[in-house]
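Two complexes, one shared chain (chain A), two partners (chain B, chain C).
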Partner chain A sequence: MKPAPFRYQRAGSLEEALAIVGSAVAVDEDARVIAGGQSLGPMLNLRMVRPTLLVDIHRIEPLRAITRLADGRVRIGACVTHAALEDAPLDGPLSGTAGDFIRHVADGIAYRAIRTRGTIGGSLAHADPAADWPCALAALGATIAVVSPAGERRIEAGEFSLGLFETALQPGEIICAIELPAAPVLRWGYRKHCRKVGEFPHALAACVVRDAGACAQVWLGATGGAPVSLELDAPALGAFAALPEGQQARLRTGLRASIAALLPAAVAQGDAYARHLHAQIAAEAVIDACLR
Partner chain B sequence: MTDTTPPMLTLELTVNGSPARVAIELRLSLCDLLRDSLHLTGTHAGCEHGVCGACTVLLDGEPVRACITLAAACDGAQVTTVEGLSGPLIDRLRAAFHAEHALQCGYCTPGMLVSALDLLRRKPELSDGEIRRHMAGNLCRCTGYVGIVRAIRACAGAGAANSGVSGR
Partner chain C sequence: MHDAGSAADAHGYASVGHPVLRSEDERHLRGAGWFVADVACPGALHLAFVRSPIAHGRVKSIAAPPLQAGESFWTAADLADIARPIVARLNRPGFQSAPYPCLATDRVRFVGQTIAAVVAASRARAEDLAEQVEVDIEPLPVVASARAAFDADAPLLHEGWSGNHFMKLNRSFGDFEAAVARAQVHLTRRYRMERLAPSPLETRGCIARFEPASGQLVFHTCCQRPHIQRDFLAEQLIGIEHRNIQLIVPDVGGAFGVKTNLYPEELALAAISIKLGGTVRWIEDRMEHLLSACHARENDQVVTIHANRDGEIVALEAEYLVDGGAYSMLPSTSAIEANMSSNVMPGPYRIRNYRVSAISACTNKAPTGPYRGVGRPAACFAMERTLDELAHQLGIEPHELRRRNLIAPEAFPYTTVTGLVYDSGNYPPMMDKAVEAMGHEQIRAAQRAQPADAGERIGIGYAWYVEQTAHTAKEFFARGSVTLYGFESARVKMDLGGALTIETSVCPHGQGHHTSLAQIASEVTSVAFTCISVRTGDTDVVPYGNGTFASRSVVLAGGAVERACRRLVDKLRAIAAHLMQVDVALTRIQGETVVGPEGTVPLPFARLALVGLHYVHELPDTIEPGLEFMASYRPPVETGAFSAGVHAAKVAVDVETGAVRLLDYLVVEDCGQTINPMIVDGQVYGGVAQGIGQAMLEELRYDAQGQPGTVTLADYLLPGFGEVPDIRIEHQHTLSPFTAFGMKGTGEGGCIGGPAAIGNAVTDALRGLGVSVTRAPVTARDVWSALQAAQTRAAAEAVEPVYTWTPAR
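Right after this comes the complex of A and B.
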């Protein structure tokens, strides 16, 4: 038995979970919400965290649903597993190009035996800088719906992660869903560099294009803090797929150089190899978005 | 004086088809429940933080890491360990592991078998590269993986998918 002792309560409903967490917050108890526990589990075993209360929300059915709303947005419950997203049917709510992007990202997370338990909401709440969803959902322009006894509020995915294991969640709040915009995704690219398949990546980038024309924005993950967004001024990329090979090669090199120049100084400061890796992976994600 | 009694829970679940009722400490992992409380030592504890795959078991038919799954979260669940796998596909897989020398010390083998079985059920048609990618979450320190990949490949393809396997 590896973790330090804790109490454990399984919530049957979101209201019950909020009440339990609320009572814990009121007495300043270190309570953690747990869903699949695939990030919290290892940290408990290593005693990197020692909460005194775990509130298990993984069996709350409404949090496990994926639904398409009347206005075209897709609402993914916080306790939907990576495996459920990986397997999401092409003709279900996650149809179309945005669905392909979600399936691709989910399929690349850790290993199947992790994906069957780990959840999209848990990944966001945990906010490991090298995790997939914080970066992927920011690129997708998703919105995170969080609830507290005071009601529901919405946070842009790009503003949800604040740093290493740090999010915009306030004490007593629980993520209830992730909402994807209704506007169709035209093209996307998603790249990561892992030293071993399934390990956390050392560089991660997502490029999602909703407007025809150039790929204008790329999001970088695994930078040690919150995902970083870069605006690209590269109109030539719009026609990338139609260009002859030589010109494509020059554009690729140029793109990597311009991304490297845009990288904030704080990203992998003083580590030339890591900065090169971030720029290379980001350039590949953008090129993928041009070609896909 | 503070109360030092560990918080307990009585858990009811089905393990390898048989009902089990166990009083557990809340911080117990599914892996420790299987090994220490139920004496099913076929499930191996390796890294105990979700990296090595040795403790992989089926929980309601899906592969999970027993070392980072709380036993308390498994109330009412169906658990299948390597001891409980049966049916034509796992028989073929076991024979192929033997024929292809897919194990040496055997420590990783229970997890390998559970992961490979799940993989073959979900994706019966696999290239060697895909087998390697999908089995990347199970570490072996003896074989160099070549025999393991060969054994799984031997069970992939037409026929394997139609094999009924109990314990799902």
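Right after this comes the complex of A and C.
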């Protein structure tokens, strides 16, 4: 379980990283950017990927910062680790309900050892369908900032993942930051189903509500492809917490049924249990958002 | 729970029964352990294997990769003149053996089988070369399951065999037919325990260094039985004698039986090292481990209990069908699982009529072999699950049904229907303890209070086991073993400072022998615990013996240490008596001195050591100089000392997702006199974690073409901290009448009860919903699917009973 031979270059700055990646792209060399290496490392060792060049960006300081911009948006550098997000102080840039959501998601990723090295940008770029960030950030309405020698462009998080290990990144582009909207988060719910702690989930759902009156939107992950979003017409949900227990139970069942009905046919096709699980976990995430 | 970590007392005296801190732990906690991969081997070359990508095929050609200077490539033909194929045998009627070559000759029989080897300067380079080896294999039809092994069109996997089975066994005990005829109730159930990977933290690995000048092969490996492993190597290697091999076992990071086998990889490494006249190193990676180290279990069972309406078991009937994989491992063979299951199934119960068949099938999967518990987890699962079904059927509380069938305390020594001789036991109080400590009645009350449509349901389950430990040659001979493990040895040496070094034949891989054996030596000699070193794992250092497996070490090595220490004490007293000029009968040990009658000056051990080792001119001719004592211990009873335990699990089952949460886990265990209760607890904790793994997570999967689907730990799920709850342990101490201090082994019990206890608890939680657990692991998917099926059944025919009675024959 040793990787196939590759060259390794550590970039000291984003400009340097772009230059190295750019020249590799120019000669059609298979170059990969590596940050924490928590997914890419095992894939290299299993020889599932065989890049000839690894460009290490994890020491680029500006990519490791979390800052609150003047307009209230929060910018999280691509190389911020899950652990740094998990530990982000309540009175820092990640204050408020959105910060709680981020901390909660980060805290549930794999194990602490992995979180100390794995990065938010790396997780997005890797685009494992069962990863937490693609789904969570989509639900949060985040924007992914990517750079190339041509400059920076922004992609909605919900449009960033395109499928299994597939993203909207163009050759030569590097994720530089994740930006969270300034508008406050009213309520949120985040659920996943793992058979064991730290395992990639078999179902994953995030529900973020910014506007009391709006329909609930829930994002589903671990469906085998890009995160899936469902819009629920569920006016009773706003008052869920105040309902008597019996009604809550009925609403839960009803909610799961409506989510199941909305699930695209392609999700876990032919696997009744997996479809049920996705609906159940999504319903729980929505209920959590109602109760929180 | 004991007070963890009490140190030795003020005098440094840590006798038998004290939870003294393990002397091994400091170096491990500091990361200073010394495992095979830590052994410095300057100039060593690294080896990578080329493994079969298909489950069954004929090897037509193997083409070497482009090699550079110093690199080499090896196939079976290159090693034919030095390495004999491994053949595991069992002296039992109908057992079929077949050669297992260290590198495949003409056929491959499972994915992962070694075909060729590449040696290079680094492991990475060796892997680069290995993937360039071109192997042409003509695919043959695949036997992908035990049942398929007996299909009419199944290919015969080994030439000359009468069918695809390692062994078939049919036995009947007592007056079986008459008992069945008189029984009032007959209940049949089917179960399956999936194939597991024993998964020690440290994978396999070895370093072979052949020294052409001396003709010596120094072989570092992580195994459980240094001398046995050396013997096996010597028997396999042509032109190398036993005395030419020094086998060294450094720290071992878990073994669980998987490191008792002689593997083709080890043999290939030794052979290539001899051929090259140099050092070759192979550290197995996790994928290799999951592909090709010994697998275990995969045990299908059909059980019928014939009982009376009051719950008394009148007769027991079982069929075991085990998927043994493609080859038998040396020495335990692929028959070990089915044979053990069939032999131990009656467990703690008074069962006098028993019929069993056990088939060990040969398939195109990796070989199977011993894994902690061997056969007992599956037997326990089948027996204990069925007892719960019977209890439910008869309307008796499961614990009460068990109580009605437990062997009575006054019946010991008790010979089971299959001929096991239980030395001692006191089972009923353990059942009472478990019921009390679990809060059984409170759980029943909480269940009654659950609404009919509760989303989460709780349940409780129990499981009993009896664990044969420290059995020796006669017992292994009776089982048909070719290798007989009759004794263990210890050499105790006192040095000039009056401190002790013990060299012993057992070979720990996490059990804390260095601590327990020092405690026994401290007990006998009264030398301070901290002044006793224990050495293991080097065939040039330790006396001959068999090693660590089958829950035997504390009894057998402990017995040897005790005996050697008594000889030392006798010698010290003899020297003291001579120096005091008194009768030896008037001397005794007190602290680290020998004291004589009034008027004599007590003589410290260090003074006696000086006389015994240096100032031998002070000794009379009748006392031989030297303070080294060797003892071997073969127990007076060879059928073993029998520990017992009952496990109890409380679970919550989420009926929406099928997920099972363990709320409580209790072990009531009895292993006689404990030497170090903290170590016993540790054995229980670790074992239970493995039991939880096989109960809820672990499962090696193969597809219909024999392709493994679980080759990384992302697919093969092992329990972690999140899956193992706080485990509560209650102790009972029923001494063995024949071992030193009355101790019994306890290495395996922890891992036996989990699947049955958890399976029973999940079934108990879902009683009203018509679901019962029939497979380990019990997964959320299984539970949910069973719930759906039960609902569909109930809707289709509301009157159909979920549990069916098997008609009497």
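Keep this in mind: the second predicted complex is superposed on the first by the 288 of 292 C-alpha atoms of A that agree within 3 Å, B and C clash if a C-alpha of one lies under 4 Å from a C-alpha of the other, contacts with A are read in each partner's own complex, and residues count from 1 in each chain.
Note that in this section a contact is a pair of C-beta atoms (placed from the backbone, for glycine too) under 8 Å apart; a residue touches a chain by one contact, two chains touch by 3 or more.
Computed from a predicted structure; not experimentally measured.
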| item | value |
| --- | --- |
| Partner chain(s) touched by A:H276 [first = chain B, second = chain C, both, neither] | second |
| Which superposed partner A:R117 touches (first chain B, second chain C, both, neither) | first |
| Which superposed partner A:D56 touches (first chain B, second chain C, both, neither) | first |
| Touched partner set for A:R47, first chain B, second chain C, both or neither | second |
| Partner, of chain C and chain B, that touches more residues belonging to chain A | B |
| Touched partner set for A:G37, first chain B, second chain C, both or neither | first |
| Contacts of A:P5 with chain B and chain C, given as first, second, both or neither | both |
| Contacts of A:A83 with chain B and chain C, given as first, second, both or neither | first |
| Touched partner set for A:G198, first chain B, second chain C, both or neither | both |
| Chain B and chain C footprints on chain A, overlapping residues | 1-5, 42, 46, 196-198 |
| Contacting residues of chain A [partner chain B, same complex] | 1-8, 10, 34, 37-38, 41-42, 44-46, 54, 56, 58, 83, 110-114, 116-117, 196-198 |
| Complex contact set, residues of chain B against chain A | 6-7, 9, 25-29, 32, 48-51, 53, 56, 59, 62-65, 67-70, 72-73, 75, 115, 118-119, 132-134, 136-138 |
| Touching residues (chain side chain C, partner chain A) in the complex | 122-124, 127-128, 131, 285-287, 453, 455, 656-659, 696-697, 712, 714, 717-723, 779-781, 784-785, 788 |
| Residues of chain A defined as touching chain C within the complex | 1-5, 42, 46-47, 193, 195-200, 249, 256, 272-273, 276-277, 280-281 |
